[in-house]
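Sharing a structure here in structure tokens format.
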Amino acid sequence: MRFTIVVQGGPYTSQASLSAWHFARAVVATGHEIYRVFFYHDGVYNGNSLLTPPQDETDLHMAWCTLGRDHGCELVVCIASALRRGMLDDGEARRYEKPLANLNKLFIVSGLGQLIDGAISADRTVTFGN
Amino acid sequence: MPANPGTQNAPSIGTTAGPAERPNKTLLFVQSQAPHGTLYGQEGLDAIMMGSAFTECAVLFVGDGIYQLLANQDTSLLASRNYSVSYRALADYGVEKLYCTEADLQQRGLTVADLVVTPCVIDSRALQALMTSFDVILDF
Amino acid sequence: MILHTLNKSPEHAALGRCCETIATGDVLVLLEDGVYCGSAGRDRQVGELLAQNIAVYAINADVQARGLAVRMTRGVTLIDYEGFVQLCTEQASSKRWG
Amino acid sequence: MILHTLNKSPEHAALGRCCETIATGDVLVLLEDGVYCGSAGRDRQVGELLAQNIAVYAINADVQARGLAVRMTRGVTLIDYEGFVQLCTEQASSKRWG
Amino acid sequence: MPANPGTQNAPSIGTTAGPAERPNKTLLFVQSQAPHGTLYGQEGLDAIMMGSAFTECAVLFVGDGIYQLLANQDTSLLASRNYSVSYRALADYGVEKLYCTEADLQQRGLTVADLVVTPCVIDSRALQALMTSFDVILDF
Amino acid sequence: MRFTIVVQGGPYTSQASLSAWHFARAVVATGHEIYRVFFYHDGVYNGNSLLTPPQDETDLHMAWCTLGRDHGCELVVCIASALRRGMLDDGEARRYEKPLANLNKLFIVSGLGQLIDGAISADRTVTFGN
């Protein structure tokens, strides 16, 4: 089956991101497929390439990147949530004349249509939030 | 991407399905937070409007979520966005099915006359049936 | 005495815990979603505090934003942020419930 | 049928709302702080669901992390994330309570 | 900055005050969230340890906050930090006054024997007096 | 009187930041003084110079910057909270070999000692959180 995973909580602040990541790994481990991980609300903070957690804690940003790279999972960040929270890719940084981008290139900035498409196109949609 | 966000007035399930196409899944959006205290309501409403461009959508207000529809919200002193009025526009997006429960209204001393739009008031048995009748539930 | 702030609706356990702990001479400021605790139909516990002569305030900007202007319980005093600051100066410390 | 997830302790209104809405044939997965709802002393509502033959699961990693391993109510089935995925495939949709 | 974070074992209020110095304010830290679900507990504990270097500190556990002290937490499967054991170190930091209420323990089916440290169990009247007896309350 | 204001919620996500800012302005307007604003937990996100809210919404990052500049309020971001959430100043970005800093220079990165000192040194401490 194909899963869309919706992440609404920020890393560390709430457990939502950690739970979603464990769930995503289990989807892959059980032979299912991740259609898309959609980061909404504070979930967009997972794409912050500057996350610097203590060395003895799980690096959630790197964990998502690894999942995206190793399994080709699409990691999509909601553009409206991201702009409001200051998570920018190169294109948005240029457009809004900000000096830099902090979103990892493995994360795709896109619209809410990707959430709806994910919900419609995947076999199952599971949400993790605060 | 299989979905086509072309039409604004989402036809009901089945009629959109062309010969080689599966019918679109139907979506139930659930709003469960009061407005302004968190951004869930506002960002949830954005998602509902987007959903209406893809497929059949309905909205369920549970618990404090019903407060999002309370009339006469005035956010000018707060310097925040009064998005409650946008719920009136949902019908133009083809989202005409709004639901809440009798218990949630009563518990808050509210009637539908207090709200900016008029949701369909249901009991908990109908709530179970409602949730089962949609393909996907999206929670905010 | 203590200025208590409450920023959650009556759905949350914070309200009950605040009411258990608040003492005569303390004051309660309802802000953000806490203002629902002082609105018609949700005001049982706030009513009990008022009956004990505990002063209850609500931030007007939050009341207006939530459409509660005509629904607030008699006895809950609407204040602006300046009034909130003034109350802080009058109480020895503050405690947040949320 | 629906897979319900609950990630809040019994202090929150989410538990009551979930229990009102869950139907025969649905399943409940307790995760994060939701696992407290299936622990000794806090399990009244989960006990009622079990009595109605509604299957209740709890994420083992969350149970262990909170020191609840020996305190979980009999009848609540501990699962890992793979088990959670499996349950999702068996139910038509999922609903989050939090 | 007037405060001096030099001493690890915070003496009680008054004894630190030199001739030209006001006595340090005393701090009551309040932990009100369960562990792991949010970061409040862990970041609150960091603040308590820092506080102990400045002045007299005590910790009050209210509601689900008492769960932070539950013994036998094992976060290895979760890949999260088990900071509960650090509460045992608080005494070394001079923070010896930990409080919770009888009602919160009972409501959760707990006794102090279930906890990694032994807080002082008080009733709600004593709780009022406790909160009033500290200069500043810091909530987590 | 001198106030220390503690902000524990992220901008927009919860109302805590907006309430704290209104309160801070009222402190100044009523002739009192802000000893320090201490950003903890998700409050550190207020220092993100990349915040790009919709034009018709209050720009909380700029609002704090204005307050800091016009009234000389000390805006302190907790370093542990900030690192974990990827809010870095130039020094921390260099130290952790990250390519850029996203924290506005009007915000000072410092330790939890600044929270304790704030609580001890100010006449009143008021916390805004989720």
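Chains: A, B, C, D, E and F, in written order; residue numbering restarts at 1 for each.
Definition applied: contacts are C-beta pairs under 8 Å (C-beta built on N, C-alpha and C of every residue); 3 or more make two chains touch, one makes a residue touch a chain.
Computed from a predicted model, the values in this text were never measured in an experiment.
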Chains touching both subunit C and subunit E, listed by label: D, F
Both-way neighbours, i.e. chains that touch subunit C and touch subunit B: D, F
Size of the rotation, in steps of 5 degrees, that lays the CA trace of subunit C over subunit D: 180
Of all other chains, the one whose Cα centre sits farthest from subunit A: C
Chain at maximum distance from subunit D, centres defined as averaged CA atoms: F
Of A-E and D-E, pair with higher C-beta contact tally: D-E
Same-site or different-site touching of subunit A by its copy subunit F, using the half cut: same
Repeated interface matching C-E, over half of the contact pairs identical, chosen among B-C, D-E or B-D: B-D
Averaged-CA centre spacing for the pair subunit F and subunit A, given as whole angstrom: 26
Distance between chain centroids, defined by C-alpha means - subunit D, subunit F (Å): 38
Rounded Å distance, subunit B centre to subunit E centre (Cα mean): 43
Set of subunit F residues in contact with two or more other chains: 12-13, 15, 22, 41, 54, 57, 84, 125, 127, 129-130
Per-residue overlap in subunit B, given as positions that touch at least 2 other chains: 36-37, 39, 63, 78, 80, 136, 139
Contacts with two or more other chains, residues of subunit C listed in rising order: 7, 11, 13, 32-33, 61, 80, 93-94, 96, 98
Pairwise chain contacts, counting only pairs that touch as defined: A-B, A-D, A-E, A-F, B-C, B-D, B-F, C-D, C-E, C-F, D-E, E-F
Complex contact set, residues of subunit D against subunit B: 1-2, 13, 17, 20-23, 92-96, 98
Touching residues (chain side subunit C, partner subunit D) in the complex: 11-13
Residues of subunit F defined as touching subunit C within the complex: 1, 3, 15-16, 19, 22-23, 25-27, 29-30, 32, 123-130
Subunit B partner contacts - residues on subunit A that touch it in the complex: 6, 8, 40-41, 80-81, 84, 111-113, 115-117, 119-121, 125, 127, 129
Subunit D contact footprint on subunit B (complex, rising order): 30, 62-63, 103, 124, 127-128, 131-132, 134-137, 139
